[in-house]
């Protein structure tokens, strides 16, 4: 694997291989690249989880991290993203982890790169390491994917997570259901996988809530946050009707009392902070795959 | 010691223990935690001294530092400070050093943290590592605290330093005097410890000047900076009347020619840059206490 | 060498010594300072290349880097640059790499510093490590400087590169020509070294293009970028008339299709990305010279 920009880059076997490596790292396995390696994390959109998770994964693998402040780089002097990345390549950086607001920002130049690119989110496009950590969290919980019902609930139109996860989960044998406000679905999603919220929480093994991305919505005014919570949120009442051994997931940051009741964020069924913990191991596995190349 | 958020957390013995460790580090002692440890420094208010001092202390102890840019984190997407800190905890960070504009920002959630918290300044509240480095600088100079007169001069109402230092200095046997504009004192301070400026500089072993925090004052217009310097500043003339072997301290950044005459900042009696040097050793001692826990 | 703020600090022998060390580092030589050393990079103006290049050079030499965010330091609280640098010195930083918008920002205080200063650009003043990497790139290509014709083309009035390079190239035996819009030249330059653009590209061994610094021009409106490209840019047509074995250089960031045709940036004659690669080795050599002091 030279780059990882989309879940579509990965075969079923490659996914399972990354999940196995993540499991090994979670169990304490250590691995370091043979030569000194350098990574840079370029986050053009705000991030706490993904950025610090990559920073941690890189350091755990003994990779040197060259800092890059997107607020004070030469892009401000009109330099293109391509020239910026080629600069890092020339300077000797081996891997660039990039989050950028533009969908498929990498498409026009990825074939010209020798530096290895990991996409950490491209607008409303993909976020493959988030998908992989979600898959790892599910596999860790249930041992596999076959026959599992995964309900993805909420803001599907703006969600990188939903797009990345659907295909992979299906390929691995899980059944994906969608729920949430019909305004946020395309007609294809509505026809094939839609499930009423109150039904979804009862039949799902995994209730995967999506974050309302206020920063990407031009208008969310069709509904108050209280209405959203009551209609499509995981309320205290709905949680009680979830299956035994089912789990709650959310990519975070959580809008507490909107997508999920405040007191459920750290409840017994919640794997929300576990997902973050697993994110480090998953990113270590991805970096290993890339750097062994 | 699990966290250090206030000087009130520390017993007299714990303070002396930290000062001893700081002394050892200043003398070249080396110490590293047994396992690889990770720290993050979250500064929500501008800082040069405190932040770089922690960064240096962490590296000298072999602690890996996970960078955190407060200007581009998920707090911008509405995430709470609690969720941000719990995220760092989930990712595997052992210690979070936090400066935040809100007094006692940690109070509502500190009992729920497994990550260890060091408060690097909470609004007009506490700044315990600054207090400890002040104490260390005094002890280094005078061998102890008994019978010393410490004059704290200036903007007491907004000073984290004054609040943190008073109690500790008293407990260690020093006598604390206050001076400065009466408008900035509460009635309790005015009654018990107030001392006229021209008297204070003559009787004090330690002249501890406080920074005028223009950024916290809604109005400082009752006096020009020239008037302030002439009435409450350490002028060239006042410095000449200081006791033999007395010293000048200031937490910095200094407003030159306001709290202190420009040419006195690096004069013989001044320990202002020595305080910064000592800050690194003191923070190494605090980190050691926390991480050995 | 205690500091490096200007090419004028360096003798011919010191320059050649740095170029030899850069060559050694480029060939894989390793060197580390005997004791643990600390560096800080303070960039008060946007930078990608120079900042990441120093960060890389420092890490390759095993130097610990103390991060410094110019957007959240105490300069915002009114602290002077001198006090900021003295703070870093007190904290134990050995070397400060500084880019600042003010020409000769260091002049008033450099004699008072114990910390070692490397100037990474001062307004329209000097940028010595850029000059050195340019010289290294030329030496790498041609083996030496004697008799070479170097045409420096473009925005000479705002160029740190032009000023730093002219004197050094002449001292090393190269002939320097200038070309570009006469409005940007002083009368001295116009008289002695001026050469028409179409002539310059034909006789030069090195075509060194300068970046139009839109951010420093109050008015560039005397010409459109298309006009500039056609009159003073390295067009596809002009490149064809360049000498065999001649090379193209540019300090970057490049304004594509202004100073140089887009497709020439990574063409056979271009050493633009090679310059960036060489920048790391050159800065390693400069750091070695400074730290061995």
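Each chain gets a letter, A, B and C, in the order it is written, and its residues are counted from 1.
We take it that contacts are C-beta pairs under 8 Å (C-beta built on N, C-alpha and C of every residue); 3 or more make two chains touch, one makes a residue touch a chain.
Being a predicted model, the structure only gives us computed values, none of them experimental.
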item: Same-residue or different-residue interface between subunit A and subunit B, half as cut-off; value: different
item: Copies subunit B and subunit C - rotation angle from C-alpha fit, nearest 5 degrees; value: 120
item: Computed distance of Cα centres, subunit B from subunit A, in Å; value: 40
item: Subunit A: positions in contact with at least two other chains; value: 67, 69, 71
item: Touch list for subunit A against partner subunit B, complex; value: 43, 46-49, 52-53, 55-56, 59, 65, 67, 69-71, 214-215, 252-256, 273-274, 276-277, 279-280
item: Parts of subunit C lying in touch with subunit B, wherever the complex brings them together; value: 38, 40, 64, 66-69, 71-80, 83-84, 86-93
